[in-house]
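Paired with chain B in one complex and with chain C in the other, chain A is shared by the two complexes that follow.
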Partner chain A sequence: MTDLPVLRQVRPLAALRAPLAWPVLPLATALVLVASLAWAQMGAQAEARPETTSALAAMLRWAPLIFGGFLFNVLVSVLSMTLGTALGFPLGLLLIAHARPARALGQGLTQFFRNAPWLVLLFFVMFLLPFELHIGGLTIPLPSWAKSVLGLALPVAANVAELVRGALQSIPEPQWSAARGLAFGKLQTIRLVILPQAIRRMLPPWMNLYAILTMATTLISIVGIQDGLTITRAAIASDARPELMLPLYLFLLLLFFAYCYPIARATLVLERRFQVRG
Partner chain B sequence: MHGTLADLFRWINDRYGLNFSPFIDAYDGQRFLLGLRTTIELSLTCILFSVLLGVLGAWLLSTRSRLAQGAVRCYVQAFRNTPPLVQLAFFYFAVGGLLHSGPGAQGSAPLIDGYGWAVISFSLLAGAFNVEIFRSGVEAVPPTMVEAAEGLGFSKLQTYRYVLAPLGLRICLPALTNNLVNLVKTTTLAYAIGVPELLYAASQIWSEVMNVREMMYLLLVVYTGLVAVLVWVMERWERALHMPGYSP
Partner chain C sequence: MAHELGPPVVVLRAVEKRFGTLTVLSDISFTVRRGETVCIIGPSGSGKSTLLRCINALVPVSAGSITVAGREVNDPRLDQRALRRDVGIVFQQYNLFPHRTALDNIMMAPVHVLRQDRAQVAARAHELLAKVRLTDKADAYPSELSGGQQQRVAIARALAMNPKVMLFDEVTAALDPETKKEVLVTVQELAAEGMTCILVTHEMGFARRVADHIYFTDGGVIVEDGPPAQLLEAPREARTRDFLDKVL
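Here is the complex of A and B:
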């Protein structure tokens, strides 16, 4: 270890600290959206198709449907995040276990699910799980949306495990020894001493992961589940109006942006707050 | 290649009923290899362009121009906070449709094909992340270093070339590795627009040979292997650049 100043921690970006972006970006996007609508309208008029409704009317007709699809994406993201966290937490504990086989198992699983592409894992779960499970005399139906939730939860679990491990290990070693000195067991130490401190450090990367997951939920449209992207494409196809493509896709992008950008900002704020005290 | 290896996999097929057809059937093998090549080419092209975009963006952020800074910030935030798949669909269907629906373009081949749009879309996506990575690397170089360089009479460009870039690069390499790994994994999305990359090739094979499970295993192994190779190269580079007492 040296005291050279190069070792200083990476600072949060000035680009993000600046008071800018929040109102500017959605405004710019909205402007582009309006412009593309106007452009689509002009295109329709130039081709003189009086029977078609105006681009704005078509847009307004489809917007609620697309918004509904987007809400389904959000629902899937919440379910996957819940399941992924529930699976990832014990996996993270496995990663810092003392027993070598347990640690090796945890590392194997984590590395595997972190390094495989999300889409391939999703295919894997969609195609290789049966449509219903027979456990004893019980038959549990596995609809495709439930399988897709599981498919997205697997990489989430591996990432949660990794961030749990990182946060637990970031707590200074004396805390562990002190707890051991007070005759706490390992699980007790984690639950009563380490975790309360580590949770704060887990929260920002966990929120970041959630935003990534929310954006990844559009992958389920590839495996044939109706989400926001599927509905957007269906809307464009059913009207047979290619000029609507630009505004409708922009609308969908804007929905995701409006949801994920505040999460990203909040993550940064939390990161900064915890950094000062930590 | 289709000698003893094919025999081995034929034996596995007979013994365990696992049909790894790319190793047995020459045609499937060819398709699989072509998919692998496309994936590697796509990844390398996107890595190149995304790094260039990252350097350009980080440089623009360091200039005095408010307009350039604002534009780069908007670009970064827009691409970081929207789904990559929708970005790809937007480029391929909406922008691509726009480009060849103009007058006189009917019936002609599209100006940019699916592969081209995948390169553009993924490069822009990974580039947005690279901007922040390079920027944070340069910012992590202590201001005293820059002052020292100025004191030695370095010009702004020279300071960048000899002080900020070499030190910043060493600081941000781990983050860059992480992002490039994500980029390689993201290339699977090109499946959605019919680019014949690895996932697409595999899906074609399994829909004909009906060996979904085996192809899935193969895919997972190959992608994990590709990522491992990339990580290995980047870590070697990191070690090669390591300056005792300097890098974290």
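Here is the complex of A and C:
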């Protein structure tokens, strides 16, 4: 019964947002991109440099490379998120552990990695880890992209841990009592009763975290990894055409936007659905 | 209820429960025999729910002894899960698992705790649903069921473990009068079949019909106990009379 007011409140808002927001924002950005290209073209012609190719041609030449770089950002984001989630889940369980030392350990790790700047953590991992690991007779190479994945996964893990803790604790206590009353053990209770309910609540903030991580992957260009941003900067520098700066950066922005915006939208939709269901 | 009573199943001796400096239960002693139905009545806040939760170790006792089917509950080496396999509990707020269907709610514990065969458990779960008159609700989620229906699923869920004793913690307190009745009928049938039941209840008429013995608690102690007719109609203690005057 309590569902109804929530539904009524939400629906008109959704109706307002949904049809408008999706096409308008990217269209506007694309329009600015085209305008900036035209502007770059005019700038070039005004300076009378006939030997240079048109801004559009330069753009078309660089776009596939930048896109490739962007795909690398996506790959790094997926790997970091996977690793961060895999590390963050047990860390989140530590945060609600009964034993005080386990909880203290979890809290220490979580607080440290949550409250450190991502870029500093990235530097830390990049320059502290060797380029290869020797375990027994085994040599495992650690390329810098792998180190960057780990560097980004650390703050992600800490944030996932907090998410897991919050979601687990948001499940009302009687669910625990009911499970204990049926002779479930603690891990069984978490796996069969608490987690399946908590995951629905975890999903929207987890996706939100992923979108933030994806945008943060451009940090790896600072520690010398060839990503979308590195290639964009190289493109601008190699042609010595500063007027291309605006369209090229806009192109990269648009790629990230096109990737992250649907995630943000889906997050909103999920949040609303779970809110209604309680 | 006219049936043979067996050996003691639940025995409480001088049970005491303190939360910090607050004493919630003191010197609680009683015995429940196999097949017996015992009701605990008394004003709110007199420790009745805590008493029930002590019996399946959801709440640890501070002193005294509770034995369930010969197993001492107030023992640091207690196998809590073994104890809880023998003791079914039904709560005031049903506490079904909202992400599972009615059938799944009933099947989960036998499948995952007792590791019984899934097909056999499913057959038994359907039988239990029929018993609580919810045959057609097997695939319904708790949110699609009324309070009374949810409570009957909760009873079936507890029964699926084949417990030696069932605890009912004010199972109709959250229900409206119509749905109350369907739950009470279910409990009454269980009691008539010889299930050992301990009920905390505010339904005096129901207690009178179903109970073999009633305990009146107030302020964490048993003030008076006796068979329903005697306790409800000719209470010896002034406190019992006061309480009954208010609720009847």
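What we mean here is this: the second predicted complex is superposed on the first by the 259 of 278 C-alpha atoms of A that agree within 3 Å, B and C clash if a C-alpha of one lies under 4 Å from a C-alpha of the other, contacts with A are read in each partner's own complex, and residues count from 1 in each chain.
As a working rule, a contact is a pair of C-beta atoms (placed from the backbone, for glycine too) under 8 Å apart; a residue touches a chain by one contact, two chains touch by 3 or more.
Predicted, not measured: the structure shown is a model, and the values here were computed from it.
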{"item": "Partner chain in contact with A:175 - chain B first, chain C second, else both or neither", "value": "second"}
{"item": "Chain B versus chain C as contact partner of A:233, first or second or both or neither", "value": "first"}
{"item": "First, second, both or neither for A:56, with chain B first and chain C second", "value": "neither"}
{"item": "Chain touching more of chain A, residue-wise (chain B, chain C)", "value": "B"}
{"item": "Which superposed partner A:183 touches (first chain B, second chain C, both, neither)", "value": "second"}
{"item": "Touched partner set for A:32, first chain B, second chain C, both or neither", "value": "neither"}
{"item": "Residue ranges of chain A in contact with chain C within the complex", "value": "174-175, 177-185, 188, 192-193, 196-197, 200, 277-278"}
{"item": "Touch list for chain A against partner chain B, complex", "value": "2, 4-11, 13-15, 18, 20-21, 24-25, 28-29, 112, 115-121, 123-124, 127-128, 211, 214-219, 221-222, 229, 233, 236, 242, 245-246, 249-250, 252-253, 256-257, 260-261, 264"}
{"item": "Touch list for chain B against partner chain A, complex", "value": "61, 69-70, 72-74, 76-78, 80-87, 89-90, 93-95, 97-98, 101, 132, 135-137, 139-142, 144-145, 167, 171-172, 181, 185-186, 188-189, 191-192, 199, 203, 212-213, 216, 219-220, 223-224, 227-228, 245-248"}
{"item": "Complex interface listing, chain C residues touching chain A", "value": "56, 58, 80-82, 84-85, 87-89, 91, 93, 95-99, 108-109, 112-113, 143, 157-158, 161"}
